[in-house]
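Before I ask anything, let me first share the structure, which is written out below as structure tokens.
Order as written gives the chain letters A, B, C and D; numbering starts at 1 within each chain.
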Amino acid sequence: MTKLSSKDYVKVYGEVQKLADYRIKPIARVIHSDTFEMLIALVIVVNAVCLAILTFPNIDPETRQLVLTLDYVCLGIFVVELIVRMISYGKKPWMFFRSGWNIFDFLIIAATPIFAGQTTILRLLRIFRLIRIFRFLPEVRILSASIVKSMRPLLSMFALICLLLFLYGMVGTYLFGAELPVAWGTIGASVMSLVILLTLENFPIYLEEAIAVNGLAIPFLLSYVFIIVFTVLNLLIGIVLNAMDEAREEAKAKEKAPEGLDLVSQNVDEISADGVVTLEEIKALQQEISRLKKLLEQK
Amino acid sequence: MTKLSSKDYVKVYGEVQKLADYRIKPIARVIHSDTFEMLIALVIVVNAVCLAILTFPNIDPETRQLVLTLDYVCLGIFVVELIVRMISYGKKPWMFFRSGWNIFDFLIIAATPIFAGQTTILRLLRIFRLIRIFRFLPEVRILSASIVKSMRPLLSMFALICLLLFLYGMVGTYLFGAELPVAWGTIGASVMSLVILLTLENFPIYLEEAIAVNGLAIPFLLSYVFIIVFTVLNLLIGIVLNAMDEAREEAKAKEKAPEGLDLVSQNVDEISADGVVTLEEIKALQQEISRLKKLLEQK
Amino acid sequence: MTKLSSKDYVKVYGEVQKLADYRIKPIARVIHSDTFEMLIALVIVVNAVCLAILTFPNIDPETRQLVLTLDYVCLGIFVVELIVRMISYGKKPWMFFRSGWNIFDFLIIAATPIFAGQTTILRLLRIFRLIRIFRFLPEVRILSASIVKSMRPLLSMFALICLLLFLYGMVGTYLFGAELPVAWGTIGASVMSLVILLTLENFPIYLEEAIAVNGLAIPFLLSYVFIIVFTVLNLLIGIVLNAMDEAREEAKAKEKAPEGLDLVSQNVDEISADGVVTLEEIKALQQEISRLKKLLEQK
Amino acid sequence: MTKLSSKDYVKVYGEVQKLADYRIKPIARVIHSDTFEMLIALVIVVNAVCLAILTFPNIDPETRQLVLTLDYVCLGIFVVELIVRMISYGKKPWMFFRSGWNIFDFLIIAATPIFAGQTTILRLLRIFRLIRIFRFLPEVRILSASIVKSMRPLLSMFALICLLLFLYGMVGTYLFGAELPVAWGTIGASVMSLVILLTLENFPIYLEEAIAVNGLAIPFLLSYVFIIVFTVLNLLIGIVLNAMDEAREEAKAKEKAPEGLDLVSQNVDEISADGVVTLEEIKALQQEISRLKKLLEQK
């Protein structure tokens, strides 16, 4: 067994991790160093600026060529970085693919030569490379963690919204489909109209059109707006509040410390300090604990 | 009296219920089984897909015929399911109508032959049959339960909004009715304009039109928007927060039951039960408490 | 001094009040009875329906005449009710004007003959008479009470919003006034544009117009939308949450009862039950109280 | 060392501060007096009214001249006030620039002669002079303090929103840039479109245009609206709730100090101080506790 030293620990995205035995230490230490990560982040930003400049149509050809070259240089740096990172896994390169971010990086780099010639996909791949910058933002980690935690209610709420969209879409098609084929002709058109209504835009237009066709438009559209806005609001506010609650509870848990239990523990220490424990001492402890239980129950 | 066995219990929409004596056990057990309910849910989904396909006008006649047949098959399955469910009530078929869902199912099935020929109603009945899928979603049950619980404040808020709409509608008709008959001509038109303003859509249009007629339009429309948006926001946020509060309190009540401290207390009881307390026993207690502290810190 | 009996108490808008000595009891009891108030509420509703019908232009003259007569009958009933209410104050009729609602009722009734001939004002007075129905809705009382309670932060927030509107209006006039006189020509036009922007309507139109005039439009409009939407949201959510908080705290205060203090009180009862109080008993009490204090502090 | 007297203390924007030794006391006391500050606030308001009047184009030349003169008088008063304030710092005039507000005041006054001739900048300077009124509003201080406190999450959220805008802007340019150059032609145009979509305005227009170009418009725009609305909502609600939480905690900390129980405890101390406890004393204690219970119930 090898001896552990501070050199075996690296900081990976804010958390201190122990380097696995199979990894090539000198390389791993470099790629997990703050300097190296800052450099990569910088390259990502430079790449982003390049892509932004390239969207302007009337730049002179020379600048265009320069920026394009810079874009390729950035891609080259990403390729080299990826290879170095894989090499750092030494004899077990397959462990590299244990991390979701690593797989993501590999795919967007490896996919570039495959789709050579297909401009749209190549362009999207270029943007996906910029997404890697999210790894360096702690706020994104917190936000995505809170979204992942509230995934279940989110998904079932989402299913509920889809169901409501479908049912209202069917009713809308039956009520107004024949007369208003553009907005309500098929289930697809109806659902699209309902999605637009989600933003409350065009509500007066849809209402006016639909009333002319069928008087049921009033209860139909009003009930839809109220139910769907309520459900979406419920969904959004629920997630925001849940995320904030958890953040606050964690902060509290750290601050407010288990003082009560500290006291009990301290008592136990004192009781047993003299090496002899009397029944009286135990009774005092029992009272302490029952007091603590009441406290907890009243919270 | 009959002997009870595990066969007398069925799961009805997530809750375990005892089958009543008068019910025909073998049939009841089948219709309340998970497999049967999954099958019915599947038939509902298939039926939904059929209805969605039928909304597209330019499908070829053969496919149309096939889908229509499938729709009838689904209706047939629903009829058979309903009859079997009623039969399962044995000698007391009227007990079937004790459940709101059962009455709903009966009405939308029984109403189909009655309205034969009236396309619109038949079409709506078809969609109502899809609503039965809601029974299988726990999220809907929670949401509707929370809405039912906050029914009273909701209704009185709703009455308040209607009253405000009427009063503002009357004032709007008197102020702008003569000059702007389309938007404010009658109490009906005025209330419709105010409902559209609820979504804040067309606010600039109404404001411009109304200012040209009467300078009072500014305080009228501004006070309306502020009061009504505030009241509706109050209504929506109130319900959402109430529902979330209850859900959280329930969750807390289950979680936070001071089980940990109960265990410690129980341990202390056991330790002191024999009248003798050894240092070993105290050490075990200390470990128990430190374990508990870690648990609290992790929360 | 007169003897008190249950006949001296009446229910005034949900609260039991003692009738003052100077009031004429038999009349006061009638006008504060539930039956009488229900009748008045009914007359208000009938009056509301009359006014609603009169807004429709193409009703036949006979119906119109009938409804107009009914409107006058309602007014007559209101006049009689007002006089009877004033008579019930006996020798001190000026006490009638101690209540805000009474003054309001008197003014809208007494003003009717004064403004004879001025249709608009008479019409508005008619609607104001309908506002009296609000007295019978408990929800309105709760809502208005919560608004009154949060009046101070509301007013200072409102002052802040007005100040922001003025400052942004001045800047807007200076930046775009010369080129866009309709939307930003004077401080009045600018504030109107900014009020419309409050609803986020027409944002794209204003942005497009303003960018063409001056590049500063982007930071100007974006900062306005963010600051003002944030401030208004702050205002609205603040009031809603405050109102809900108070309602909940009241509910809790009633539910959660001062159990702790009950215990202390009980202890004091027990301690003094035997007629003798020892120093030991007082010490126990002191411990009980200090325990209670800790409990309160930890909350 | 000089002797301290009540004359050495002044109230600066709501907080009592000790005057530094080097300041010229008589002048400092005048400029920090309530009367002086009210006068300055009044001059600011008069100045605001002047500026508002000057925005109307068709006022007669005489009034115009009068208002312009009044504007110059106000500026004169501000200059004099600034000089007096600087003089009050006596031998250490550089200490004047220790306060942010003082620097702000100096710059907007000193900048006026520098930009003579440049109408737009002079006009903006005029408005900036009005901003000084904010110093007199406590609500603004509370609001800005709460914003400053939540600066860090606000900034990182803001960075996240900018990043999302950039990424979505790049994708939008690639997907629709060639066909819809006005809305999605360059990264600038795309980000502008996305900012407009933030207000949910024009959503139907962008959606319709984009769908005609590329089917990916649906997931692109829907995911954007949901993610960005959710993030912005998160940002706004988070700040509002945090600010309210802190305000409430402060209020609670002041109110809920268990003064009542302190009193009871103190009474018990007094009662038992003489070593003898009489029944009378116990009865007094019981009354104290019942009083306390009523207090708690009223909360």
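Rule of thumb we're sticking to: contacts are C-beta pairs under 8 Å (C-beta built on N, C-alpha and C of every residue); 3 or more make two chains touch, one makes a residue touch a chain.
None of the values given here were measured: they were computed from a predicted structure.
For chain D, the chain whose average C-alpha position is most distant is B. As for how the two copies chain C and chain D face one another, under half of their interface residue numbers coincide. Here the CA centre of chain C is 28 Å from the CA centre of chain D. Chain geometry summary: the mean Cα position of chain A and that of chain C are 43 Å apart.
Residue positions 200-202, 237, 241, 299 of chain C are each in touch with at least two other chains. Within the complex formed with chain D, the residues of chain A that make contact are 48, 51-52, 55-57, 120, 123-124, 127, 130-131, 133-134, 137-140, 143, 192, 195-196, 199-202, 236-237, 239-240, 243-244.
Only residues 153, 156-157, 159-160, 163, 166-167, 170-171, 173-175, 177, 181, 185-187, 190, 200-204, 207, 222, 225, 229-231, 233-234, 237-238, 241 of chain D touch chain A when the two sit together in their complex.
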